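Inspection log for the structure reproduced underneath, given as structure tokens.
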Amino acid sequence: MTPIILLCALASFALGGFGAILGRTPAGRIIVYGGSLAVAGAALLAALVQLGLGVAPEPSVALPLGLPLIGMNFGMNDLSAVFLVITNLGAAAASLYALGYGRHEPEPWRILPFYPVFLAAMNLVLIAADAYDFLIFWELMSLASWALVMAHHEQEETRRAGIIYLLMASAGTLVLLFAFGLLAGPHGHYAFAAMRGMQRAGWIGGIVMLLALAGVGSKAGLVPLHVWLPRAHPAAPSHISALMSGVMTKVAIYAFIRIVFDLAEPAAWWWGLAVLIVGGITAVLGVLYALMEDDLKTILAYSTIENVGLIFVGLGLALAFKADGMMVAAALALTAALFHAFNHMLFKSTLFFGAGAVQHATGERALTKLGGLIHRMKMSTVPMLIAAMAIAALPPLNGFASEWLLLQAILLSPALPQFGLKLAVPAVGALVALAAAFAAACFVRLFGFAYLGKPRSAQAAAAHETDAFSRAAMIGLAALCVVAGVLPGFVIDLLAPVTQALLGAHVPSQRGLSWLTVIPVSASRSSYDPLLIFIFIAVSGSLAALALHRFGSRVIRRAAFWGCGYQGLSDASARDVASSTQYSPSGFAQPIRQVFASVVFRARDDVVMPAPGQLGPASLASSWTDPAWWAIYTPLVTTVGRIADRVNRLQFLTIRRYLAFVFLALVILLAWTALWG
Amino acid sequence: MGLIAPLFLQLAQMALVLAAAPLLTGFVRTLKARLQRRAGPPLLQVYRDLAKLTVKDAIVATDASWLFRIAPYLIFATTWVAASLVPSFGTNLLFSWSGDLIVIVALLGSARFFQMLAALDIGTAFGGIGASREAMFASLAEPAMLMIVFTVALVAGSSQLSDIATFMHSGAAGLRLSLALGLVALVIVALAETGRFPVDNPATHLELTMVHEAMVLEYSGRHLALIELANALKLLLYISLIASIFAPFGIAALGAAPEALALGLVAYGVKLAFGAIMLAGFETAIAKMRVFRVPNFIGAALMLALLGTLLLFVSATL
Amino acid sequence: MTSTIAALISPATSLSVAHVLAGSLILVSFMMLYQDRLSSVINVLALHAAVLGLAVGWQAYIQGAPELYITAALALGFKAVVIPLALHRIVERLGIHREVEAVGGISLTMLAGIGLVALSMMVMLRTAAHADALAREDVALALSVILLGLLMMVTRRNAVSQIAGFMSLENGLILAAAGAQGMPLVVEISVAFSILIAFIVIGVFLFRIRERFDTVDSAALDAFRGELQ
Amino acid sequence: MTRLAIDAVVATIAVPAVAALILSLMPSWRLASRINILASLLTVIASAFLLLHRPAPTSLFLIDDLNIVFLLLNSFVGFTTSVFSASYIAHELDTGHLTPRYLRFYHAMYQVMMVGMNLALVTNNLGLMWFGVELATLSTVMMVGIYRTPASIEASWKYLILGSVGIALALFGTILIYLAAKPVLGTGMGAMQWTNLLRHAAALDPAMLNVGFVFLLIGYGTKAGLVPMHAWLPDAHAEGPTPISAVLSGLLLNVALYTILRFKVLLAGSAATIEPGILMASAGLVSLFFAAIMLYRRRDIKRMFAYSSIEHMGIIAFAFGIGGPLGNIAGLLQMMMHSLTKSAIFFSVGHVAQAKDTQKITEIRGLTTSHPLLGWTLVAGVAAIAGLPPFGIFTSEFLLITSTFARAPILAVLLGFGILLAFGALLIRMTALCFGQPSSGSNAITASSVPIFLHLGIVLLIGLALPAFLYDWFAHVATLLG
């Protein structure tokens, strides 16, 4: 299968060339996105075949490129295949969406050349089989996505986001360079196959794990390396945002699994602890940010941070179980993480597509300017609602299925012998639960304020439905959310070869269980049958509807809403008044902000009340800050700035002083030689 | 044993909870009134209200969307399914394995999700205020609930309610500090989730204090009936839950004889009545909290439940 | 003729003469550091070159390397006469006979100079006992002259004294080159350096620094400093 | 064949020398620029010929694996720069920055510089090497001051003074090396020949070598722009004509580094000396950090890239200092890639300056909108110079950082942090230059873009597929370097 992926990547690069040449013509859009759709489809098929048919992993393919010692090695195993499915499914959906959405792009020539390159780079990272390859495509992925982020470069915000993004991405790559440097040893055994077989001291593996966590975390958005993510993801055009959030973060997770589970063997128990804690904190902080944010796409970006945190909790658990030899439990945790990664791609892409549709339809992204879109964007509301439900982990959708598996894995953790883990796991469990609850609130807020209620601006009132391609992409992914949610057993079975390869164990096969139940460990521990739950809900809901309509009233009467008796609110001429008396998104989050965010985020609500008798309006200003900024990045930036200011004086010295430097250097070195030996 | 009898038992359980829920709510109301030296409504008043509501025309706000109209059905359906998954008179019913305790929590979460969305749909200040407060309460209550689930599931070795009830019934659990903590936490969560004192007042329509009522303010007719019924189911669910975990006396096992089932049914009735009495007494004795004190209240539940779980992780006997 | 004189002089004497000449070059370097008037700096510079000429001439004589006489002549003619005259001309033209300020004061500079001599002794004398003594000591002295020249350059806020410093530095180099027996290309190198110095002196005119040069203070040259703040 | 090869060595010096003579007499600047290109092309051919037929070392000339890399790179970039310069200077004439008389001088000096650099590279003699570097320095001093603006005269003056001191110190170092060699090799030319020195490296007086190396490091380090001897470099790059900035960064710095490298090999041959690698690596790190910090406050686009050159010289010096097979390979590759990339960047900066009539960063905005090709080229150039894939500098930095991290993690972390720091500054400026609303003012660009694409193309190709012969070649040189 590897050659097929390579061919697909090659085709993508060719499409990038077309994009550069035809970027200014409408044909360019159709060729690039249509072509990308076809290419992603082919790659998806190849990966599914590999995974579904259980094709034995082939030896890697070496191309005479890259470093001449080893060439460029590519190999596709089951882990790659899982992430290839995620990547190419997301890519196919994004391409389909972009066939329609791309029409609205003011400067398509800034997107079309880079879009296929971005896709190709992600695919190649997943099948890379040596460190050089891996990093070159990893960084190419960053570079291409940076170029895509910069598509809307006229905005100051975007440019800043681009700078922060590329810098953080490069920092991450640098850290991964260190990790691979350690893995490869001083003689430069860069091929993964060589790294696997190498004997190394335990602490080296530990450092590699920490480096990988930092390097990958800067791409996946682990707190506190997340600061670029909520700026860069929303700044890009929406199909790119979807890819970055839904797919690129998964590539980062792939990298973590590849390095830590595959290359840096054997795991120590504290690896799991470190990953668990980082993951748990990331999950909660990410979603808290999302709850307070007003910008539709920024909320989604923060929510990505949360989901990445959840996935890392799964990975951390898997590591802990693995280090203690509980391979089946490790397989369950890893399955949960992989399943959630897949799910997150599905619903986050849908949500970004929807956000893009909203942005195009209204020109607005702020929740405070939206509202009532359910009446005007009838079709695209439905997939949005499904995706919002899925990401809020409501049964019987897919988000719940994977979080349920994760919780089942946590329930197995008392058997872990280390005290540190015993204390950390329940705490992380609480964090996961907190994150899930916040996520529900967050997506109620997002959907409720964007799609429900009354329009909060003229643009929102004049919104229109999005095009057919966009709708098709959204509906397709949302349908998959439902399918994966109702029939998770199939997904779990598809993931079994991966855990088998990495851990030597897998979750018991779900095939052939009656009623398509999911039984992760054993029937006496827990089981979940989303299909039945789905049927129950559907049947009981329909029964209730039937019964009520049969025996009760069928009439619907329309009337003005209850405005505490104030008729002005329901007056048609006073729509603005009515829409401005609605609850605001910031007000909705206020209780949670006050309870949870006043310390960590320094959230403040400043109310200015005019004195009695004054006619001036009262005002409320709420503010919050990201602790990562004020604790780490702002001091870092100011320090560099201060040093730069101070050192910069050296540009304005006299020749005599410059000579004095030379003189001093000479004298010091001479003294050093005199003292040497 | 063929398929027919278990299926019948399962359907009976579903019907039972549906039928008993309004009675339980009515019983609490009557009891409370008596405790407050009021005459109070008749025991069956809730049934009458529901019947009346179903025949009335549903009045829907002009700006309401389709979501507003389907939400009551979804709220009702998910709550009913959740309530049916909790063992009442017997364990290991035909479909009891289709969801564990976590699923039940999540199903209630779904109901809440739609409740909040429906509240936001009209675009009134009341809907917003209700949804906003509900979101805050839920953000504490849900994790607390999950921690309780952890505690119980770790003690019983399973997160399946039937298995938990069987385990508890067998007496193998003994007296445990973590379970006691879990019980206290569960009671607090139940009060919060069912919109009872001191978190919310199920009877109020005073704007500043409403939480749940603010969300359903725009509902009328059959929609309101469904939501009221769902509320009643939720109360029943929580009392059943507490009963099946902490007081699984008399509960019938899988394939038990009809006498055992009858005994289970009686025991269930007694447990519900006891729960209702406790609730009414508690609600009469205590005053409602200010909204911003509630987080401390539910937060205490979260802390207790977390402590319970931690104890289990650290020691096998606590 | 020369060979007979050479025969009269013992190797020890020839060594000590070379040593004395090189040592007096250091002395002149210190004299230069001590000057606080431009014209006297230039005069001492001429003396410096003259002593160098003698030292190189002596080396040519004892090594029997006639081409070194060219270097000596260059030092005596060009550097001891032409360049000082030209520098005097610049100073006169621009009317700057004023005192020049040494950074950190004259005495401190002298002290630093002594330290530098000590350093060069330390660096050189601990090098290899098996290196031949003549070369070793000559090199140590030359190193001192070079370092003192650099010190001159970095302590004077004045382009003319900087040229003087550079020239004394270069004199130290020539001393070292001449002292290194059989070093090829010494003459070429000394010619190249003379050209370089001429280049710098002419540069003062040609680069039209004159207009911005009224103080002959190199600080004024740096007013622009590349990037105005 | 050997005869011919020796002739080729002579040609690398003689061709530019003759060309310089002709050009100094050539009144027509158009013809002069063509002759300039032709002479540079002939030099490339001569060096390419040397690649194929390497002559045995003579007393004057030495062609080995090490300097052939430099020579080829030198003549190639010299050639492409002459192509660029031919189209560039027309604009300078139009705007009145230069007069035909000065152009004559410019072309002659260009070839003199090539003579100097090639001489320094191919010679087997320490003294000639010194002479070559001096010649190259003086000729570039004159070219830097060619605009005769106060700023350019000051830059040139600074360059002259610092360069002269550097050259004097390097000469002293050379004398010391000679003195170290004299007891073993006897007096005369023999003691100044590389081949002889290397053969007897172990027997040389180590203490003398130590002091000599210090002087050479400071002296030639001035030319290589190592901090704290770098002060001339940014101004010389910023104020001279753009082609000269390109050759300064792309060639002269390399030549200076080459000389240091030679002496490092010499010291490495003797067990009793100091570790020259430590000195080089620390000088490299200091340069890297200093330049990275300085990049943050740059207002002039050419001066900014000049500091970036210091940064890269620091990285290269670090790589050679750290040594080891991979470190040396990385150093050579980095040097080659830096020459090509940086000169390409200076070419595009020349275009930018022509298009916008300014070198001030604040006055140049939105290039990708106003001049898409140029803007994206600059983006690619900055990405390449910052070590982003798929460009060749990524390859060398990959090798350098991974191999260093396994041996000296702290140094590798410092190196990585410095690179990142510099990247931050470049990225901020590049974003401002290439994105956003374009600034006003847009002249037609007359200068040729071919050299830019040629250079970046090579850098890209090497990044994608480092040719095996190049790797083997570098690996062989790496064993020479120790």
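Think of it as A, B, C and D in the order they're written, each chain with its own count starting at 1.
Assume a contact is a pair of C-beta atoms (placed from the backbone, for glycine too) under 8 Å apart; a residue touches a chain by one contact, two chains touch by 3 or more.
Everything quoted here is computed from the prediction, not taken from an experiment.
J.: Under the document's definition of touching, what chains do chain C and chain D have as common neighbours?
T.: Common contact partners of chain C and chain D, which must touch each of the two, are A.
J.: Taking each chain's centre as the mean of its C-alpha atoms, give the chain farthest from chain A.
T.: C
J.: Hey, which chain is the most central one here, using CA centres?
T.: The most central chain, going by mean C-alpha position, is A.
J.: Count the C-beta pairs in contact for A-C and for A-B, then report the pair with the higher count.
T.: A-B
J.: Distance between chain A and chain C based on Cα centroids, please, to the nearest Å.
T.: Whole-Å distance between the two chain centres: 69.
J.: Could you tell me the distance, in whole angstrom, between the mean C-alpha positions of chain B and chain C?
T.: 99
J.: Counting only Cα atoms for the centres, state how far chain B is from chain D in Å.
T.: Centre-to-centre distance between chain B and chain D: 78 Å.
J.: Which integer distance in Å separates the CA centroid of chain A from that of chain B?
T.: 35
J.: Can you list the residues of chain B that touch 2 or more other chains?
T.: Counting only residues that touch two or more other chains, chain B contributes none.
J.: What positions in chain D touch 2 or more of the other chains?
T.: In chain D, residues 157, 161, 165, 169, 207, 210-211, 234 touch at least two other chains, as defined above.
J.: At least two other chains touched by the same residue of chain C: list those residues.
T.: Within chain C, residues 123, 126, 150, 153, 162, 221-222, 225-227 contact more than one other chain.
J.: Sort out which chains touch which and give me every pair.
T.: A-B, A-C, A-D, C-D
J.: Over in the complex, which chain A residues touch chain B? Could you list them?
T.: 371-372, 374-375, 385, 389, 392-395, 400, 404, 407-408, 410-411, 413-414, 419, 422-423, 425-427, 429-430, 433-434, 436-438, 440-441, 444-445, 447-449, 452-454, 515, 517, 523-529, 532-533, 536-538, 540-542, 544-545, 548, 551-553, 555-564, 570, 578-579, 581-584, 587-592, 594-596
J.: Taking the complex as given, what residues does chain A use to touch chain D?
T.: 64-69, 109-110, 131-132, 135-137, 139-140, 142-143, 150, 153-154, 156, 159, 162-163, 166-167, 170-171, 174, 177-178, 180-182, 184-186, 188, 190, 640-641, 643-645, 647-648, 650-651, 653, 655, 658-659, 661-662, 664-666, 669-670, 673, 676-677
J.: Tell me, which parts of chain C touch chain A in their complex?
T.: 103, 116, 119-120, 122-123, 126, 147, 150-151, 153-154, 156-157, 162, 218-219, 221-222, 225-227, 229
J.: Name, in rising order, each residue of chain C that touches chain D in their complex.
T.: Listed in rising order, the residues of chain C that touch chain D are 123-124, 126-128, 130-132, 135, 139, 142-143, 146, 150, 153, 162, 166, 169-170, 172-173, 176-177, 180-185, 188-189, 192-193, 196, 199-200, 203, 207-209, 212, 221-222, 224-227.
J.: What does chain D use to touch chain A in their complex?
T.: It is residues 157-158, 161-162, 165-166, 169, 207, 210-211, 214-215, 217-218, 222, 228-229, 231-232, 234, 272, 274, 279, 290, 293-294, 296-297, 324, 326, 368, 372, 383, 386, 388-390, 394-395, 397-399, 401-407, 409, 412-413, 416, 419-421, 423-424, 427-428, 431-432, 435-437, 463-468, 470-472 of chain D that touch chain A.
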